[in-house]
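In the two complexes below, chain A is the common chain; its partner is chain B in one and chain C in the other.
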Partner chain A sequence: MAENEEFTDIRGKPIKLSCQDYSPFCREFTVSSAKLSLVRVMVFTCIVWLLAYAAFYLTQNTAVLSSAIFVTLCGMLLHVHFMKVDHETLLVVGSLGVQLSSTYASGRESTSFIEMSRIKDIVINEAIYMQTIIYYLCILLKDPAEPEGVGSVVPLFQSSKPRLNCLVRVYKSCQEILGQTERS
Partner chain B sequence: MVLKIFFPRCCNMADSGLLVGRWIPGQDTAVVLAVVHYPFIPGQVKKYLSDLRSQIQVDLTVLGSWSLSKDGQKEMDSFLKDLSTIFPHSRWLQLSREPGKRGFACEVVCKNGHAPASDEEDKIIFVHYDQRKVMLSQLHPVLENGADVESSELRAVFHTVSRSEPLFLLDKYDDGPLKLTHWQSDGREASIIMELVKQASVPICMLLTMLVCWWKWLWSLRLLNIWPVCFISSKLSTCVQAGYRTDHFQTVFSTRKATTHMDFMRKANMFVSFFVDIALGLLLISWLYRENRISQLANTLVPAADHVAKELQELLEWLMGAPAGLKMNRALDEVLGRFFLYHIHLWISYIRLMSPFIEMILWYVGLSACLGLTFALSVLSDIVALLTFHIYCFYVYGARLYCLKIYGLTSLWRLFRGKKWNVLRQRVDSCSYDLDQLFLGTLLFTILLFLLPTTALYYLVFTLLRLLVVMFQGLIHLSVDFINSFPLFAMGLRICRPYRLAEGVKFCVLHEEPGAPLHLLMEINPLQCSTVLQCYRIETSGCSSRDSWLTLCKKLFVGELIYPWRQKSTKTD
Partner chain C sequence: MGQRRRTDVRSRVPCPSDTQPFSPHTHSSTETPPDTHTRSSSMSGCHGYLQSRKHSICMVSDFFYPNMGGVESHIYQLSQCLIEKGHKVVIATHAYGHRRGVRYLTNGLKVYYLPLQVMYNQSTATTCFHSLPLLRCVFLRERITVVHAHSSFSAMAHDALFHAKTMGLNTVFTDHSLFGFADLSSVLTNKLLTVTLCDTNHIVCVSYTSKENTVLRAALDPDIVSVIPNAVDPTDFTPDPSCRDESKITVVVVSRLVYRKGIDLLGGIIPELCAKHPDLCFLIGGEGPKRLVLEEVREKYQLHDRVRLLGALDHKDVRDVLVQGHIFLNTSLTEAFCMAIVEGASCGLQVVSTRVGGIPEVLPDELVTLCEPTVSSLCVGLEKVIAKQRAGEVPSPASIHRQVQTLYTWRNVAERTEKVYDHACGQPVLPLPTRLRRLRSHCGAVAGSIFSFVAVIDFLFLLLLQWLWPDDLMDVALDATGPAGHYQQGFGKEESKDLNAARCAVADTRQLKC
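What follows is the complex of A and B.
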């Protein structure tokens, strides 16, 4: 039931989209981005240590070296725990709601669930990002004060940023489920 | 139409019986709360449910039947199905579970007696929830009034489960009229000490409230509200801290029950932070009053104050010469320098006079730490303020002189350009001056302008000193404020019982089989720590009124007095 497809993100890096069909009204989309590359980690560590060694050569103070080790370790931990997102999941359950979760490289998971009664629609939107225009999928939430208007926007797949062809796939499946819910 | 059934995990393996729960109005959602087991008399079930309904204000009904197939119970199933004619309903759920299978089978029978069309069969979602966690958790953001509860489906589910607490209070040793399966404790635990504490808490609270009332009455006496006492006590941070603690005390020990969640959390936070504060204070005392540390402290304090005075004297002597190669106005420089030197002389003699008593004062003041670490810190801040009073005085003199000069210069500059400040209209008007006036004004302007660098230098040096002291005091105030406002209880709850404070829920798909209904597991998503801090901070006025850096710089430039930045609103100069 699960299908994997290769896509690219807005920077051209390969990402993987897997759709899991649990039932006609429950689907899960997982976008996994590339793993933390070992070369980059090595290069970063080497740069910091070389700089630290240069500073040590000038100052003859060993505290510089130990602090460099500390800084690299802490930096790696923080990066893995707070910055590097391994995969993002969108679980759409008809008439119940939509759950977004992102799993960090360290295994930390942050999840939020939006009830169907608060969701107005799921759309693909355009945004200006640095010097380019990108597309992104977002959930429009209802404004509690004004049922027709749009209260706020929750962007999806924020860290992996897939390209339009991938978004269209997810968008179509989501609309199928949302349409089913509305019809009944 | 998708039917959602919230099913408690503890009833997964329950024996066959009737499902008791609630249909959420407006949604196709059923919350199952318990399973009633055979044998029962339908009339008794109805009576029990109507009793509960009036007690908890939630319309509990019989939702349908539950059957767990075992050998030789086929006739039981058909009996349970027949029960649908006895209990009033619009839809009747028939859940059944085969022992070998993981999923349930579900059939919905509508009122007119036959099962609906076949394509509806698979549109059923089972959401398994942990009854105990859902009952105890509190969804955020907290809604105080019950009116909005029905607006969201999840809130309605949480509300239903938490209101049904009396249903769960029956434990498995209770012999009620009915035999129920739901979340239940293994018998209620009771300890004599806890019961005694519960019994004693009301009189103790009343006594403490009375004491606080007396204390407040003592403070509100007319004698203590005359101007100087009032002013000084508003400036002493110990008094401010005492005021906070009295307020906290009154809130915590009031005999009124905290009805809403926020009230309860505020009380608990204050109580815990109060205790932690006192514990830290006692630790400090046990450290301070051992090995003669007080006298050591006193022996270092007096020479330190002496040393500061000496340093100041040297600084003044440096300023009276040619500081940093600057050429000052000699006469004014000498006058100012002598004036400040005389002050330092007074200060040193004052310290000498005080020095025999300092140890005793410290000994008694240190006792205030048993009221809490915050008190000790506030006392420290006050002591610092008193010991650096000379720096404050210098700063005030310097600032006043500088301020006068600046004002004089601005008004004379206006005269220079043939203008004046119109007080009535609050604006600058043009004005024709006499020749004498112009001459005198220009002369004064020149004198003031040439004397400005000397005063500005003194002002600069003493402002820097004052800022140093203010920064130290600000650090102490920040730490006191941190202890006062940190929601310890909420944080502890977040760490030890994450499900108590819920931000929302998260679902995961348990297992899926083609043709069988979907099974989801509902877990509670705990609140983020930053949100806990934001939501449950105990309010203090300390952080609210603070100058922005720009206004501070402006004040410094014009020469207005900067008091410790807090309590800015009370200070008008």
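What follows is the complex of A and C.
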């Protein structure tokens, strides 16, 4: 069964959180941000083209126009392929590990897996981000040299940046699973 | 000031997993409606705290641990005592090297190390504006009701006072130093102080002399200036008579060897007294340009075995030096509040001091012998004490320590500071037009006009920030300390509340990315 809930990110844009329960030990969280908006693409393209026309008017060189077309196309491809993330998924499987994957707007998917033995805990932390201070969810990894200490931190939902109430929701369900794993 | 990093493994990381019962529902109730102006939202937060008679305090200063010094320990000790009294305290300072982001110290004291550019001597560059976005974020998310800035050398403290007024918060300022009036740097600092203090609700000074100085420098109304002395930790300075060499009488001097500590006087006293009393010796701790004077005296009168120069001392070694002596000598020519003589008396020593600045206020008459700042007067005073010491008429170190340990405690300082906060919170915050008029009438025509212009720009910048990043989009931080603090609930209980036990314990594992 899947539940969908509406939240906002730190910029106030709506995001959707869906929780998929596969079994008591396996849960999947997907944060989907808004699709690439057509208006923004149009505005961006128009700005580049207007600049190109201005340059063309001054230089009378048609290479400027062709390079403008090239720039817009490449920029769009790169943005869709490497920058714009549509979904971010956190799959927690008790006693096995955590899988993080993000789906880009082009459909490209990047996935990584962290096995349970390396995970110390999942916590909500605070950080200074640009000119503001935000909450984020992160996985604490064990330090191989020092079993009690924390080796490094893996931030979750890095591109969607949900607000605290959404993070709390994910955090609580994650802790349920992690708690069950520890007890058994 | 050596930058020392003390990390303590004992302090556990307050992971939300076991300490912070998150509840999204409590948050929605505390969030302000989207269209509310900052002023009204901060006031409503203030009322919530006022009903419980507790404050939400933000201490701002450029100087905090891992930097070491008097202001740093003052802020830390005061915050700990205020937390103990049930207030919520957060500290904002600038980033020290890799120590940036949010850290927790003992008892859930939260410290924001903000990434601001350091300009000179650990003080940040002041542009009046660039710190506003981050400070606004701290003030809003922690629902601050009182902003308490420390030290007039700290540019960040001045900035914070200015921004807090723009945001409509009550402010308190603590001045830690005496200043001159004549040289260029003091004239400029005094002008800046006049501007930032002109609409500060309350100012705290460490002694009456310091109050007089601040009132004159910043052209203030003396009624809004309170005197709250510093405190020492009596458990750090305990007497230990067994360390003394009873076959001779030792005079201890611990100060920086600079002109204003009266080292030239000391150079005059040493040969005179050493000639009269063959069993007298001097133990001098500290470093500075006037060391040459003492070395010269030592050379000239062949006193190498009787005058020992120890060089620079760490704060933790001071006590071990103090307990070796019988008499503590202070020859300062100017002093706001002399901590050294309190430390000396706390170690059970007889104190001889000059009568300058705030020193006569510090100790009761039976514990200190005051002299005029001349060689002859100090010699007379010292001889009197030496005679008493020989006759065995002096009270025992333990009884002196008992008398001193109740005089200056941090709990007392916190209690008095609390009253200052109560007073400051009851006052209205001036709206912008009144503030501009006040700036112009208080700070002179030129500086007043310039800074009213800056105040207007600051206000417009705040409006821009509120439009770009509305208040309701900022998540309210969970309270670690204060009336609804999560830190003490089941987590801090097993930890000792002793302030000394876990001082400067930093949860280093909170690695944060900027």
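Criterion: the second predicted complex is superposed on the first by the 184 of 184 C-alpha atoms of A that agree within 3 Å, B and C clash if a C-alpha of one lies under 4 Å from a C-alpha of the other, contacts with A are read in each partner's own complex, and residues count from 1 in each chain.
The rule is short, and it goes like this: a contact is a pair of C-beta atoms (placed from the backbone, for glycine too) under 8 Å apart; a residue touches a chain by one contact, two chains touch by 3 or more.
Keep in mind that this is a model prediction, so the values were computed, not measured.
Can A:173 be said to touch chain B (first), chain C (second), both, or neither?
The answer is neither, since A:173 touches no partner chain.
State whether A:106 touches chain B only (first), chain C only (second), both chains, or neither.
A:106 sits against neither chain B nor chain C.
For A:159 in the superposed arrangement: first (chain B), second (chain C), both or neither?
After superposition on chain A, A:159 lies in contact with neither partner.
On the A-aligned overlay, A:23 touches which partner chain: chain B = first, chain C = second, or both, or neither?
first
Examine A:132 and indicate which partner it touches, taking first as chain B and second as chain C; both and neither are also allowed.
second
With both structures placed on chain A, which of the two partners, chain B or chain C, ends up touching more residues of chain A?
In the superposed model, C touches more residues of chain A.
Go through chain A and flag every residue that touches chain B in one model and chain C in the other.
none
Please give the residue numbers of chain C that touch chain A in the complex, ascending.
Of all residues in chain C, those touching chain A are 13, 15-17, 20, 22-24, 27-28, 100-102, 112, 114-115, 133-134, 137-138, 141, 469-470, 473-475, 477, 509-514.
Going by the contact rule at the top, pick out the chain B residues touching chain A in the complex.
1-2, 4, 28, 122-123, 125, 127, 151-154, 503-507, 509, 512, 518, 520, 525
For a test of understanding, state which residues of chain A touch chain B in their complex under the given definition.
Contact set of chain A toward chain B: 22-26, 28, 91, 93-96, 99, 101, 111-113, 115, 117-118, 144, 181, 184.
Enumerate the contact residues on chain A facing chain C in the complex.
Per the stated touch rule, the residues are 8, 10-12, 121-129, 131-135, 140, 149-150, 152-153, 155, 163-165, 168-169, 171-172, 175.
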